[in-house]
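Quick heads-up: structures coming right below.
Both complexes below contain subunit A, partnered by subunit B and then by subunit C.
The block that comes next holds the complex of A and B.
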């Protein structure tokens, strides 16, 4: 991807986000489920209902509501949550770091685990044991993240209760943070006991997210390694007397990495989507968990803010992945 | 084929090195968090969206009230059996002609910051609740009294429109006293960040969607809470709540599937308790074809074997009912019955020309998974109906859709719902569910508008309750709604705890003690 392409992609971000905003805004108001209908108490008269509608700005025509919302959004004001009574922007900013830390840890686990499985798989290439690795990868891939979440919950929360199964941090822990990046902050400030407590809570949800991703990384990397290993340059290197580990690590691995990063990058966006259910199951306080509550409560402003946040994350991730692939692949770098 | 020369040792070393950061310090740190002494941990079934108990959707969500009542004091307290008792108000009442209310404020109560609770706080809370601009969803009740005057600890107010249930509302939704001076000082945003109340527990730490940690309020006017610390863990998934109890991560939970309840209560170290709560399952009948035919409505009711549904689908955890008043409600009348009688149902349908061979057809809407076995229950009912000559098709919808359709009077001829009534008054069950002008009513018929209308302003309490009983009898005879059963709440807690179950379904930490 050349710099011109990067600029083009950056210029496409505003119209993409605008399109997402329009779709979400219209869909929320067309699909049955009215936030006011959910909060009207017994005995409320039509006037009482209208007053609530006016109070939350839902009495205006849809177009006018959108224009008002868009005007405010352009100044960084994404409205006020109907259910939480706080600024949507502040709410999302407060919870986004929890999801980012979880997704980052899950990605790290997936990459490490995927690498190990791929290496074991390529090591066993051509042997019967390779089937076991391939079968294991198939199982990891076939089970979705939310099901892994339930399996891990049962396994490590109930049968062998090694790890906490809910929340982001132990409620008994009296600790304050300056930022919402709890893990990062505790690591940077040397509070390793706090970091340890946080990791205890993150390991099960991040594993649930990581396992299918790890399987994908393993499958793509192993296939790419096998293909690259069969290439002439690898065979020539072998003929010149280089050891297989050396050829794999220095010659084959860099080439096999390109398709893995490209496809793995797409998987990171899916992993972010997976946080919605996994955070719910582990009562983890990220934006995924918040999104479910927002939908249940038909909290229009909060849903709009969360969908836009996910959209920004997806776009940014895709851009970063494309840039990384470009850096790794000289053919793309030099056009 | 390339032969493998990558040594087993190098692979193992690579794997070990990669796995080290995952394992070291993570699993070595011990087991799932165990409860600290003096701490009560409750795996709670909903998140806490907002701390202000008087504004927005959470203010009218009955499930959240347990948390609010731990932090804030209602004007009037409620006993476990739904009866009312002194709270921050020690006395309350109408004058002879119901034109004025008198409230007496408790002396010696303090806010969590140590300042005293004053009659000014009470009046400010009532006036704020009555103000349209505050966004209080029950504003229509609070606005019926005004012109408050304070004399010492006594408050008087003029009745602007008579509301017989005013004092009952003072024990429930949005009926909380907030600190005037503190709220005006910090504002709405500041209050959300650092709320204070006068309840038995004060807010110590809050992680949205994760947990709320409370500490005992040392200056509380009532009995000293048994636990120094209470943690509400927001565990919204029922499977996760069950796991919380099994892993020992929580001391108490509720609202779990009945099968899991039976399994958990059989385990050593856990105790299971059930109590009927003020929440009922019902089928709304909308006054559209074919429900305009009385025979069809009554046949639909007589064809349902409620006891079989409770026994087989809810494992016996439910109390069949014939009216919208459950046992314990002020207007409950055990003499009103609607028998399970499929033969009667068949003969009623035959009068209108229907039979199993030529069934009457309509749609029934239901949620799936919103309440225990809701969809399965409707499937069973549809099966019972089919046997007598009713062919119903099931439509599944979300609860949010139900609210919207009901407010637009656009529900299907039959629609499953659950109706809570924490104050146990007939106006908040039969009244709002069956009175045509109410946005929650599906049966808009004039017959009920004429019967219910005069009861709203009835000042004689005995006459009022008798009036509601008569309405309930009429509704049962006309088949204008199908009450199914009263829900039973399953509570699981660790041995060594004593939990006082509330008939309104609340789990109040201040009522949990060591056994």
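The block that comes next holds the complex of A and C.
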């Protein structure tokens, strides 16, 4: 990606987000289903219902509602949640760190695991055992993250109860945090017992998110390694008497990394999207779990805010990946 | 290396047999898994030992028959309302197959149409469709289908609508790119030279060349559609509550996972077998239909 392309992509972000906002907004309002009906106690008078509708602006025409919402959103005010009665911005901000920590841990696990599998695969290249690795990668890839979540929950939560299967931290553990980045904070402040408890809760959900992604990294990296290994420079290095591991690490690996980041990076968004369900399965308190609650409660402002949050994360991730590829690939740097 | 002298013209039949052989184990295993799924769905009332909604509270949460405490009448045990797990698994296959067939075909039809239009017209039409795809790709797909299904309301139609609305981009993106590639090929230029109209060119020349790609995508999409239906019914916003679904069974099983883990494990097994079946079938078909490898 050339630098002009970066600027073009940056300029495309506001219209894309605007499109997302419009679609969600319209979608939520053209269909039947009254959020107010979900929150009133039985026996509320029609006046009370009307007052609530006016309070949340639901009595206005749709275009008016959107203009009001957009005007407030531009100042950072995303409205108040109908089901939790708090500012959407504050709610999302409080939960987002939990999801980011989970996604980050999952990405780390996926990269390390993917590297290891690719290395084993390339080491076995041409031998019969290679298809075991390839087949395993195929299975890892075919089963999506939420099924892995259920399988891991059954295996290591129930059959061999090694790990907790719900929540972010043990409820009986009495700790207070200053930020909502529990794991980062406990690691930075040296409270390793707390970090350990947090990690125990995060291992299964993050592993579930990581497995398909690790398989993808492994497959792309192994293919690129195999291609790079057949190139002249690798053959020459071998002819000069360098050992195979040395050639793989110092000559082949850097060149195989570019397609891996480019192709694999795009898929990080899939991992992020997967948090919605995986968090639900493990009752992990992130924005994904919150989004499902918001949908079930027909909490329009909260759904709107959460979908936009995901959209911002998706677009930002794609841009970062493209930038990293540009930085890694010397051919693209001078466009 | 292919010895050209030996590559004499082959009879079409022989070519098909060769192609099917090339599909290999993947094709056969995939076709077998998908075939079993389709048969089970089709014959559900004949092969299910019980009605899926028939409750027997006296024998609730029975383990599978071969485990101690199991009963021969309930091969795979019962759930917390004493309903036969095997029968519920069998009837759930009907929902899965219906959703897979209808949703995937509709998503394919819309995606292919828009992809062809974008790829062949270019210019502002392509720009408009591409921007639409961009906006779509900015949504987390799972969340979008959950929101859609929730707002449309429970029912098979809403599940299908949710899948089609979310997944048409898979087809549109690939078909658009492939149409552009094919239109640059010599044969497309030749067809234009002999005076074929744009519509004729697309229908007679481009579409047949897209078939391998689309068939593969379609097979994979059917697997995805099954997964989305599972997700929606797991969250509790799929078909009506009394229709058995694998996702619904998993959600119920999650509540009592410590007491009766098999209730959750069995539908997971069915889903994995179906999804792997559709993936293998797609892989196998791609190899069989690939025109480059056909020679």
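The rule we apply is simple: the second predicted complex is superposed on the first by the 318 of 335 C-alpha atoms of A that agree within 3 Å, B and C clash if a C-alpha of one lies under 4 Å from a C-alpha of the other, contacts with A are read in each partner's own complex, and residues count from 1 in each chain.
Criterion: a contact is a pair of C-beta atoms (placed from the backbone, for glycine too) under 8 Å apart; a residue touches a chain by one contact, two chains touch by 3 or more.
Note that this is a predicted model, so its numbers are computed, not measured.
Three-chain overlay on subunit A, with subunit B and subunit C in a clash. Within the superposed three-chain model, A:227 lies out of touch with both subunit B and subunit C [touch as defined at top].
In the superposition on chain A, A:19 makes contact with subunit C only, while subunit B stays out of contact range. Of the two partner chains, subunit C is the only one that A:142 touches; subunit B does not reach it. If you count the residues of subunit A touched by subunit B and by subunit C, you find the higher number for B. Judged by the touch definition given at the top, the superposed model places A:5 against neither subunit B nor subunit C. By the touch criterion defined above, A:158 reaches both subunit B and subunit C. In the superposed model, A:274 makes contact with subunit C only, not with subunit B.
By the touch criterion defined above, A:150 lies against subunit B and subunit C together after alignment on the C-alpha atoms of chain A.
Looking at the shared chain after the overlay, A:85 reaches subunit B, while subunit C stays out of its contact range.
Using the contact criterion defined above for the overlaid structures, shared-chain residue A:45 touches subunit B, although it does not reach subunit C. Superposing on chain A, the segment of subunit C with clashing C-alpha atoms against subunit B, chosen from 75-83, 111-119 or 165-173, turns out to be 75-83.
In the superposition on the C-alpha atoms of chain A, the part of subunit A touched by subunit B in one complex and by subunit C in the other spans residues 32-33, 150, 153-154, 157-158, 165, 280-281, 292, 296, 298.
Within the complex, the subunit C residues that touch subunit A are 131, 134-135, 137-144, 146-148, 150-153, 227, 231, 234-237, 250, 254, 257-258, 261, 264-265, 268, 271-272, 275-276, 279. Of all the residues in subunit A, the ones that touch subunit B in their complex are 32-35, 37-46, 48-49, 51-52, 55, 81-86, 91, 94-95, 109, 112-113, 115-116, 119-120, 122-127, 150, 153-154, 157-158, 161-172, 174, 192, 196-197, 199-200, 203, 229-230, 234, 238, 243-245, 248, 280-286, 289-290, 292-293, 296-298.
Residues 1-8, 10-11, 14-15, 18-19, 22, 25-27, 29, 31-33, 36, 39, 41, 43, 47, 49-50, 52, 55-58, 60, 132-133, 135, 137-141, 173, 188-189, 192, 205, 207-211, 213, 229, 231, 233-237, 239-240, 243-244, 246-249, 397-398, 400-401, 403-407, 427-428, 431-433, 437-440 of subunit B are the ones that touch subunit A when the two sit in their complex.
Subunit A meets subunit C in the complex at residues 12, 15-17, 19-20, 23-24, 27-28, 31-33, 139, 142-144, 146-147, 150-151, 153-154, 157-159, 165, 269, 272-274, 276-277, 280-281, 288, 291-292, 295-296, 298, 303, 306-307, 310-311, 314-315.
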